[in-house]
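Two complexes, one shared chain (chain A), two partners (chain B, chain C).
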Partner chain A sequence: MTEYSTDDDVAPAEHGLTREDRRRARRMRRFDNPWLNPKLYWGGGLLLGIVLVGILGRLLWDLDLVFTGSGMLKLPPVGFENLRGQEGTFANPLGTDGAGRDMLALIVIGAPNSLFVGLLASLIGMSIGIFLGFTAGYVGGRTDDIIRVLSDVMITIPPLLILVVFQSAFGDVSLTMMALLIAGFVWQSPTRLIRAQVLSMKSSGYVQMAKLSGASTFDIMFREMLPNLIPYLFGSFIANVTTSIVTAVGLEVLGLGPQRVPTLGRTIYEAINAGALIQNLWWWWGIPTLLLAAMFIGLLLINLGLDEVSNPRLRKA
Partner chain B sequence: MGRIPRSYLINRLITLFLTILIAATLIWVIPRLSPVDPADIMLGRMAAGAGSVANADQVLAQLRESFGLDQPMIVQYFKYLGNTLLFDFGLSTASFPTPVSSLIARALPWTLGLMILSVVITFVIGNALGAFMVWERSPKLVKVAIPAAMVFTSIPPILSGLLLMWIFAAQLRWFPLTGAYGLMVEPGWTWDFALSVLHHGFLPALSIVIVTFGFWALGMRGLMITVQGEDYVKLAEAKGLRPRYILYRYMIRNAILPQVTAFALKIGLLIAGQVLVERIFAYNGMGKLLYDAILDQDFPVIQGVSYVIILMTALSVFLVDLIYPFIDPRIRHEG
Partner chain C sequence: MSSTRTLALASAIALAAGAGWAQDRADTVIFDLDRTIKDPENFNWFTPGTKRMHGAHQAMWEPLFILNYGTGDLDPWLATGYEQNDDSTEFTITLRDGVEWSDGEVFDADDVVFSVGMALENEEISSREASTIRAQVASVDKVDDLTVRFTLTAPNPRFIVENFGVRIFGSFLIMPQHIWEGEDPATFAFYPPVGTGPYTLSSVATNRAIWERNDDWWGAKTGWMDLPAPARVVFLETGGEESRAQLIAANELDAAQSVSVGTFEAIQAQNPAVTAWYPSYPFAVSDPCARQLEINTTVAPWDDPRMRRAVALIIDRTQIANVAAEGATVPSRTMFAQFGSMEPFIAAVEEAGLGLPARADVEAGQALLEEAGWTRSGDYYEKDGETLSVDIHVNSASTEYTRTIDVVVEQLQRAGIDAKAVPVENGVFWGEVLPFGQYEMTYSWLSCGSVNEPWASMGRYTVDDVVPVGERSPGFNNTSRWDSEAAEKYTAIVKEIGDKALNDPEVPAMVAEAYAYLDEEMPFIPLVQSFKLVPFNTTYWTGWPTDENYYNHPFFWWNSAHQIIHNLEKAE
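Here is the complex of A and B:
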């Protein structure tokens, strides 16, 4: 009887929840969904913004302004004045560079290019990594040894240096070619990650179960194991996008990389060489620098957000 | 104390050896796949300098011979490997006939100095901040300010370098714009020279530090959260030890160890980033040497610099792997 009476005490109390309380409870529950992570949102938003600049810019802005000499030289952005006393005009809202190219057109073409190189290189690297990692972890033996040693070796070689050798020997490359070359250096960390995970999953119950029920090796790898790896893969993918863009920008700043396509790194390279820092032509190097910084911050936020999704312990601190 | 098992040592040595071999081979193979001929470029430079070159065919043949290009590929390859092991990368074509190795020897101390300085500073600052972020007793400000500063983590040092250069060198003129020491100062072991080096090195080092400390802070934060929940920390608290003592002797000491391995993975990116910082600051290190060589299409220098930088990376990773069992006796290496 006493038990019933306590229940009776509780029940009216729950009924007495105010509307405010219930709304708060609902909000708390909503925030418990790990994917609704503010960092993930902000990061995704930043990257989306850059992609939008690329798409909308192509529709709304005259991209022929990207050609050398299409405008006056070294014009400042609107609302500023350069050392020669020229004021910025709306014909070139972000100013022009030392060769008269419109900065806005440069950005509209250049910013998505950097993202494209990063995504493509990372995607290819990831595919190689998934294939090699699963093979090493699942097949084991001699194959595993070879893949393990190879990825250990390749992970210590900085991609920038080998690519410098490559591009200085071959000269001009296309954007896609550069992405392919970079991809040759970003497969190692996914390979190692997946191999380690596969090794630990191989002996787990559900994999044994699938094996006993006659699932093919392919099915076990890609239907049973791969879905469990997705949070790790995402994190590794984003980290590789960052590495790829850093490498691409590094090459461009050294004067290598694609010569005929405008890229943010190449714009910075030209600005430094023309002494834009001393001449206070801040828009020339500053705008590409800020855009790249926004891109990297966006990628970092996504990665931090993903970390919190897959590791609940980080959420509280 | 951790003792390194022989199998582990052999394993690491093989990895080191293979890294060097593969890097050296790539550096050798790639230019040979290209249609560009270094002797041609050299001849072109001579022609550009002198107006015309008499007996161009003979000169070309001689140049090819001096580069060893007239021998069979396999002979060239093994000769190259042997020379590379002895740090003999041939002669620079742009500043002919200076040996590449002496150019590198002149640039290397600058790069190493800048690197060691910035790495040590970042490691200390980053790990300290990461630890204080987790510690309950650290001031509120730390917990708010550090995550905000951490946004800069992902930016490559070249971008921060440009910003710092513009603000502090071009606008405020607190620091010199380029170079590793003043033009007026005689290099030597004098106070003037040391001050000039510090003055010039400050911005390059700072641009590396502000974008890398966050990496260590983030890693440390994750490790500290794990350590915080450990039983030995609870016990230490229950014993009534001073919180500061617990932080330093119990938490940080345990959390910092995996950070050393993270260092091994990060070093390649660090070095590559620094090469670019040196290029924009025209700092007298490997980065500037590499950039000048790219401008001059000076292949022996490009190859030599790339090889030495990769060797530096591989050796640092090897050393970290070897030191690790000594600083963390919990690790026991098998096979």
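Here is the complex of A and C:
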């Protein structure tokens, strides 16, 4: 970019037209298809990479290695040495944890699991949010009051606190169960957001028109208004995925959540519990942490990219 | 690495400064406490909870005798000796002259008679030591100020070591009559507490207890023993393995609770002043409480002995030793702790063909499952449309516990049983799950007791102690609630063993005979021997117990830790 601008300054008369044309054309292309922005590429790529690790790993790697006692204990990744002087081998390329579980197998199973919990919880939360938000905004009156107060109250309750109690009471929970529990705490923000949008849309011409032409409430809400909200919903959805994963990982790091199903958070919990820091078993806690970081960065990039889609002013000229 | 260490150090220093023992660290000895003190202002040790192991029975309350694991003798403490009659039904204990409570009152036979009396008269006090006294003692009398006579309900040659000798963890603690008189022993809080030991309580909170030396201690005044060197004893809750390792490596802890071999090696690499029982691998000392899988014999399908034996065959003990203990222990051959003194009984059981295999025989186990009517479909066994599953409750306080159960769960899963670990907090585990039988299977060491004779362990699974699920098992005995016909036959033989003298040559054969019933019905499944890798820091204090300096075992959370504290010397 800098190159161009210097050029422009030095010799605007000679090349100005064609450059300006090309730049405008490029800008127009980008405007034409806001979905093709680099943030979305990169974010999507990161997440896809994690999903691919899960899929390819399932095809290519022996997943039985994920169980306790399937390998030697505390082996380092290939190319490293642990405190006892043992070297990493290709039988366990990313090393093993303190109970002899293969780190690669843990990641192959664990990483998509975390993503799965996030997606499922967010999907359920969003569905509840969409339904309640539209109902509150469009129907109004007493219904609106009830839904609004409910979501306002729920928004003040810290989810982790409640979930910790829930999970300790349940003992072992499945991934799906955990996703359901988390979903109970991620519907409030979309509800409020959508309600506000619906209120402002309600008085717009096309809604009035639909009303006059006798469309049913359901049709107006979900056929007419919903498509206009898609970019918002996507952004909100991704933000919710992030929140859900943070919540799930938080629970897992506390030792709650599923016991026998490998997850990234639980791996970190076990590493901390077994003294992995003082034993310098960095691969035990480091690899899952790295993966979680990649996952969050991916989600963040997608969210920023979606912002650009729904808000043209954010797009770079 | 270094940043985490600095962090741990900083928090430890902040903690220490806050509690006010940082300024004279060199006069303070800091012990690790592996649990929270739920009710800090309650020192009624008759009731459940952390009432003793936070320094109370290590620094304040003294036992009458201490069993010396090295010599096998009873080292006299508040008592000087005892005599018994020929059939072991009457014991006369002589108390030490000149013992005083820390408030200046004299400790004498009245306190002993009064304390034992409380245990005898109050059915509702539940500590193990009190229930044992209640089960054994018919009456207790004061002969003179320094002599007490016990009359037992049945012959028991082990009466002294079992009740007053700190054989395992605790002993029956004598309470001051002048304070407890007129109080309800089931509800009295006993705060501030008073004891005969060289330390008095300075302050206590949920995460630590601080004890100050009483320079007016009777033991030094009478010339029995010098004042201990540490001016202050602290018991500090450290949390998990990582934090206790960081604290001891940073010299902010002098004695840590058991850690894994790998962690210990890492501590030593950072701080060579940290030692353990043995100077090299496996570092750990064996503990008399062998590990076992406890089974609730009242819950279907585990009420069928075949099912329990199947589980025993499916479990691979060698893998547990290698994975959960990192090779620092060995598989159990029988229910007994593998001490040299127990060898005759272990050998007798093995000669009768009743020992446990070190490796699994999964096929034999599965054959038993099929015999009991289960058929495998897919991953798991099924019967009448129901999947064969089991919840194993495990105390989440230590990696040793959880990891052992992880291994067991894996082994059962592979054999076709849908096993699942249910981690439970320490207090819930000991307070609710175990004593009330609220479990299917669980990881424990409740056959613990025998050190040099078989009865103490075997006597814990008699039908006399069976109570329904939902009622508290007396003294954690027979929490399996094993009361079949075989159990009755077993009980009869064990009672006979109990009446025999300690070195009666007939005992090993009788042990084998009784063991046949245990082996047949498996109310619990012995797993591996217990190992304790207890790190001691020699930066500020030396004189810790080791294999070479074997004045007693290193379990500083036991009532015997008085000996450790008295042996400590300031490091040069």
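The rule we apply is simple: the second predicted complex is superposed on the first by the 285 of 317 C-alpha atoms of A that agree within 3 Å, B and C clash if a C-alpha of one lies under 4 Å from a C-alpha of the other, contacts with A are read in each partner's own complex, and residues count from 1 in each chain.
Here is the rule we use: a residue touches a chain if its C-beta (ideal position, glycine included) is under 8 Å from a C-beta of that chain, and two chains touch if they have at least 3 such contacts.
What you see is a predicted model; the values in this text were computed from it and never measured.
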Clash or fit: what happens to chain B and chain C when chain A is overlaid? clash
By the touch definition at the top of the document, which applies to A:T68: first (chain B), second (chain C), both, or neither? second
A:L277 in the overlay: touching chain B, chain C, both, or neither? Say first, second, both or neither. both
Applying the touch criterion given at the start, work out whether A:G255 contacts chain B, chain C, both or neither, answering first, second, both or neither. both
Is A:G100 touching the first partner chain B, the second partner chain C, both, or neither of them? second
Which partner does A:L83 reach: the first (chain B), the second (chain C), both, or neither? second
Examine A:F296 and indicate which partner it touches, taking first as chain B and second as chain C; both and neither are also allowed. first
Tell me the contact category for A:V165 with respect to chain B and chain C: first, second, both or neither. first
More chain A residues touched by chain B or by chain C? B
Of the listed stretches 60-68, 168-176, 240-248 or 258-266, mark the one in chain B with C-alpha atoms clashing against chain C. 168-176
Overlap the chain B and chain C contact sets on chain A and report the shared residues. 168, 171, 255, 272, 277-278, 280
Help me check something: in the complex, which residues belonging to chain B touch chain A? 14-15, 18-19, 22-23, 26-27, 30-31, 33-34, 36, 133-134, 151-156, 158-159, 162-163, 165-166, 169-171, 177, 218, 221-222, 225-226, 265, 268-269, 271-273, 275-276, 279-280, 290-291, 293-295, 297, 299, 302-303, 305-306, 309-310, 313-314, 317
Considering only the defined contacts, which chain A positions touch chain B in the complex? 149, 152-162, 164-166, 168-171, 242-243, 246-247, 249-250, 253-256, 268, 272, 277-278, 280, 282, 285-286, 289, 292-293, 296-297, 299-301, 304, 311, 313-314, 317
Of all residues in chain A, which touch chain C in the complex? 67-69, 73-74, 83-84, 98-100, 168, 171-172, 255, 259-260, 272-280
Okay, in this complex, where on chain C does chain A touch? 1, 4-5, 240-242, 245-246, 249, 259-260, 262-263, 265-267, 269-270, 319, 322-324, 326, 391, 396, 399, 402-403, 406-407, 409-410, 413, 420-423, 425
